[in-house]
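Per-chain numbering from 1; labels A, B, C, D and E assigned in written order.
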Amino acid sequence: MILAQVIGTVVSTIKNPAFAGHKLLLCQPLDPAGQPNGAQRVAVDRVHAGIGDRVLLLDEGNGTRQILGGDAAGPIRTLVVGVVDAVELST
Amino acid sequence: MILAQVIGTVVSTIKNPAFAGHKLLLCQPLDPAGQPNGAQRVAVDRVHAGIGDRVLLLDEGNGTRQILGGDAAGPIRTLVVGVVDAVELST
Amino acid sequence: MILAQVIGTVVSTIKNPAFAGHKLLLCQPLDPAGQPNGAQRVAVDRVHAGIGDRVLLLDEGNGTRQILGGDAAGPIRTLVVGVVDAVELST
Amino acid sequence: MILAQVIGTVVSTIKNPAFAGHKLLLCQPLDPAGQPNGAQRVAVDRVHAGIGDRVLLLDEGNGTRQILGGDAAGPIRTLVVGVVDAVELST
Amino acid sequence: MILAQVIGTVVSTIKNPAFAGHKLLLCQPLDPAGQPNGAQRVAVDRVHAGIGDRVLLLDEGNGTRQILGGDAAGPIRTLVVGVVDAVELST
């Protein structure tokens, strides 16, 4: 899994039916210092995350299918699976 | 999933039979500002996307097989699964 | 698998139930010289690793599901599967 | 899938039996302008591609196993699945 | 699959039982000119490769499980599956 921050939302009218009713969040992976770190992903929200939240991202289709229920997942492979309260670094 | 833009089409005569009848789109991943962001992918179109469209890309074989039907998917692992109308960023 | 170092812990209250009871470690991939090498991952600990330990990371959902038991794994795809005692390089 | 060019062949005597009888091609991913774009892959040829050909690469184990037949695929996860005749870019 | 060179060995006492009896090799991906090319992987040896050997790496869990036998593979996703004798480049 990776740490990321929700930076926006994605609106799509023409799409695979599996996305119906799912909120699409644009997420920016972060490094431990909170700086951007790699390419953004579009993820389906599963924990009512909002813009600005630091989150835990899962980017794998099989785990996603297990959470959403196999046939319902369809083309969804990226999920927000947790809201991060704190990252404690060694010092 | 990732945000991308359709930048071209790919023509291939000699290919695996699973590709027959599928349009192959060359897609450029984008960052939230709409700039190129990472390596291009060749994707099978599932939403009648056209050149210049911003799209939602799925790059995973198992989800692709679920959408196309198992045996029909064969070597296809990248699909255009949505046309993006808008990306709303936090400000 | 990749070499990494545990550099911190991640605290998340709102999360998928599959994470309950699992310690989340923030891990930094390392090169052979022990320098940072690529983006950090958040991993579930399976070997009682602590901050500062060099570890062996598995980043794949299917292997993770096999270790944790299918239904229990849910959204978990990254595990600490070993503590590294030594890396012996050719000279 | 990705666009690539066949730039060489790989000879391996000591190898997993699944590779017997397969030609191994060294492939360089390309950007739309035909420039090198990312790390090379070693792929099994399925379309009689030759050195210099632009090709369509599949880099996923499950799709590969479906094409080669499950048990026969073994450690093979990268295939040349098409020869590219043309890439038409938007202008 | 990718080309790599064995550059060292990894010693781990505390680890998942699936690793018992397996030699862990630290492998450096190479470009066609033999220069380092990307992040190192820790791989289980299946072809009696030694330090300095150029090898063919498989980095995918499902293929690995097929070779090692499903339950035995557990957290292993990276294997050395061939020793490379020669790379012949187009000129």
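The rule is short, and it goes like this: a contact is a pair of C-beta atoms (placed from the backbone, for glycine too) under 8 Å apart; a residue touches a chain by one contact, two chains touch by 3 or more.
The structure presented is a predicted model; accordingly, all values stated were derived computationally and were not measured.
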- line: In contact with chain D and chain E alike are the chains none
- request: In steps of 5 degrees, what rotation angle do you get fitting chain C onto chain E on the CA atoms?
  value: 70
Task: Go ahead and note the Å separation of the Cα centroids belonging to chain A and chain B.
output: 19
Where chain A and chain D are represented by their mean Cα positions, the distance between them in whole Å: 31
- line: Going by residue number, chain B touches two or more other chains at 62
- prompt: Should the ring be read from chain B with chain D in second place, what is the ordered list of chains?
  reply: B, D, E, C, A
- prompt: Where on chain A does chain C make contact in their complex?
  reply: 1-3, 29, 31-32, 37-38, 46-48, 56, 58-60, 62-64, 66-67, 79, 81-90
Query: If you look only at chain C, which of its residues touch chain A in the complex?
result: 6-16, 19, 24, 26, 28, 39-43, 51-52, 61-62, 65, 70-71, 73-78
